[in-house]
Amino acid sequence: MPRVSLTRKVRFAAAHRYSRPEWSEEENRHVFGLCANPHGHGHNYLLEVTVEGEIDPVTGFCVDLDALDRMLDERVRQPLDHQHLNHVVPAFAPGGAIPTSENILAYLWPTLAEAVPAPARLVRLRLHEEDGFHVDFVGGEAASAP
Amino acid sequence: MPRVSLTRKVRFAAAHRYSRPEWSEEENRHVFGLCANPHGHGHNYLLEVTVEGEIDPVTGFCVDLDALDRMLDERVRQPLDHQHLNHVVPAFAPGGAIPTSENILAYLWPTLAEAVPAPARLVRLRLHEEDGFHVDFVGGEAASAP
Amino acid sequence: MPRVSLTRKVRFAAAHRYSRPEWSEEENRHVFGLCANPHGHGHNYLLEVTVEGEIDPVTGFCVDLDALDRMLDERVRQPLDHQHLNHVVPAFAPGGAIPTSENILAYLWPTLAEAVPAPARLVRLRLHEEDGFHVDFVGGEAASAP
Amino acid sequence: MPRVSLTRKVRFAAAHRYSRPEWSEEENRHVFGLCANPHGHGHNYLLEVTVEGEIDPVTGFCVDLDALDRMLDERVRQPLDHQHLNHVVPAFAPGGAIPTSENILAYLWPTLAEAVPAPARLVRLRLHEEDGFHVDFVGGEAASAP
Amino acid sequence: MPRVSLTRKVRFAAAHRYSRPEWSEEENRHVFGLCANPHGHGHNYLLEVTVEGEIDPVTGFCVDLDALDRMLDERVRQPLDHQHLNHVVPAFAPGGAIPTSENILAYLWPTLAEAVPAPARLVRLRLHEEDGFHVDFVGGEAASAP
Amino acid sequence: MPRVSLTRKVRFAAAHRYSRPEWSEEENRHVFGLCANPHGHGHNYLLEVTVEGEIDPVTGFCVDLDALDRMLDERVRQPLDHQHLNHVVPAFAPGGAIPTSENILAYLWPTLAEAVPAPARLVRLRLHEEDGFHVDFVGGEAASAP
């Protein structure tokens, strides 16, 4: 059997800040550099969502793209676009997880894995925070099988 | 042993239309949306062809790139560039397969897998229909071993 | 006074065909090459619309971007996206103008020039038909002042 | 005499927020949409700086690119990168100018125009806030001749 | 009358070196930095050639693109692609002009201006040496009217 | 356990030449084409370095990006940027390996694999020599376990 996947791009512009409240300003500056600036900064995030599925012999699609788009709009764009991640995502509030690309993907994986239009399934997330690097995330079985 | 692959890009501009003749116009519109418009529309397709091979110790190449280019010209660009896929590919004629990115790759895989310059072998196809998404296809063993 | 302009991108996927019905097939092939293929082919068109305006001291905008987007949706995307230009634009019907990038811009200029949200004004259109070239169009006074 | 210009790209990631404190939340939401969200959001800004000069017959350069880079580092990257524009630029503090692309360029023009390595001179600024649009700014004579 | 132009991209990969033989190694290093390294380095050059013309009412073209492509192949790609500019262009031999982007465009302008398919005319050259900057060149009347 | 990787891009502009001194000029031309030109040509190389690691629960990083950048600067940019690969890399001297993308990656893999900031580990290298193709390299166990 061939393996077929579709990768959809979704964009959101957001602010974030890296800081551990239990550390001194010097420690934060040492570990997080400019990302520790007090009011945050921002990025045009580009998320790539890869889902795997069989090709439907009637429609020729491996996933219902309209349904996938609606899901990504509800679970990625509406909650995150034009927002400050530390303020709107409880997991990234002060004292919580740092909103790095790695943690943003760890946060998104379960909510996207459970909502990909069946029978397609989530197989990879990739997040570009800026042009110079990106992070890939492939969740474990437990995460993708609610 | 290291694993080495080369990915070549080839472009073709083509028109296509999504329609099942056994369905009503409403059904086609419901499932295929604007892609069901009667005269078709088009895209600048970008195909990425990944072949795996050993590095030749004399030339430093893992595949004969000139031979690969000639093959892709014969089997991708000449038959598909500046064409309407539903009209020139019998598999995509009315009542046949819908020319989605998934089905275009399923159509191309066997013809490319058998013609990659040996001893390199085809390991993945990726098709970008527009900037917002792409489809990956990895064929089964039968397909790649003529 | 400074000169300030904003350039908005809008995309549409469309098919087109180049053919003069008063010419023989050989003549059409000679002048238009693959673009004369009978059923047309297609592109992911990228249109750049440049409007000039003064910066509003209260909002900081040189044009109402939401109003510009609605206008471009009505006058570019809705009529042209996922369409075959020779079939849906009467000016490009057989015997009419050839739907080259040049003529597509000449066709769009008057309808966009009259509808740019005042007091901003249209100053340039640029159309990318594929990655290798683009066409710029700046209409005359008569065209932009209905 | 030929006209020669060099365009240098410089990038900065920053947060911003659009809000007029003298307006109600509803008015701000109506005019600024999601940009009025209370904690701001962010972008990967790409600034293009175009300077014009004669070609030095000895070096072949129309501007001292190292000197231009140092100036852009001091006057663009150091003050703006990884910052929240409303917090670090007094002109964009609450009640001041809205940090739109238009106003960011109006703010940058005088400071860049006076510091371009002579005898080259600033002739245009272009700011990309996201992929979908950009703003061009050409300052008046007074601004460029301190 | 509207103003219409077409911009064609042409690519060439080439090596170059910056050095004035009448200077000491220290002077060369001071002015040219890494570009003074003895054996040269290289780039994927991207040249944008803009020609202006009237739209032919029969074909819809403002320039004969095939003829333009043949000319660019003869006058840009064949002489420069996969070459070391200091070795193959006499004007860039030791003691001659430094092969900066500015000087490459000054070298190309006359030969391209005289060969653009009439009645179209060359109106601008743009050269990208790498992603971070580009140079624009508009030649004088004498240069474009041999 | 999820699998997390970060891919960092690093660029270098370099010249290279393909030639086997034990072959005649005709043989070199036949196998290597324009790449056999005597003085070399060049490219803007783009290297993508993918490292895999666990997400640190305190910092949210899967690798120390600053340390990774310093390593890539020392082991990629400083030795290769603005250089002629056949002249500065002994492995690519006349009679040695041909500096193809495949061999450049085989050369870089051991030196990068041993220096990736622990506990992250190198899992893939990708090299873009020009826009039209790229090469991927995944080294064997011996290479990555010094």
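Chains here go by letter, A, B, C, D, E and F, matching the order in which they are written, and residues are numbered from 1 within each.
Note that in this section a residue touches a chain if its C-beta (ideal position, glycine included) is under 8 Å from a C-beta of that chain, and two chains touch if they have at least 3 such contacts.
Just so it is clear, the structure is predicted and the values come from calculations on it, not from any experiment.
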Set of chains whose contacts include both subunit E and subunit C: D
Which of B-C and A-B has more C-beta pairs touching across its chains: B-C
Size of the rotation, in steps of 5 degrees, that lays the CA trace of subunit B over subunit F: 120
Centroid comparison with subunit C (C-alpha atoms), farthest chain: F
Interface residue identity across copies subunit A, subunit D - same or different by half: same
Most distant chain from subunit D, judged by the mean position of its C-alpha atoms: B
CA centroid of subunit C to CA centroid of subunit D, Å: 29
For subunit B paired with subunit D, centre-to-centre distance based on mean C-alpha positions, whole Å: 43
Sites on subunit A at which at least two other chains make contact: 33, 131
Chains touching one another, given as label pairs in label order: A-B, A-D, A-F, B-C, B-F, C-D, C-E, D-E, E-F
Of all residues in subunit C, those that touch subunit E in their complex: 18, 20, 31-33, 97-103, 105-106, 109, 131-140, 143
Partner subunit D, residues of subunit C touching it in the complex: 1-9, 50, 55, 57-62, 65-66
Touching residues (chain side subunit A, partner subunit D) in the complex: 11, 13-16, 33-35, 37-44, 81-84, 86-88, 130-131
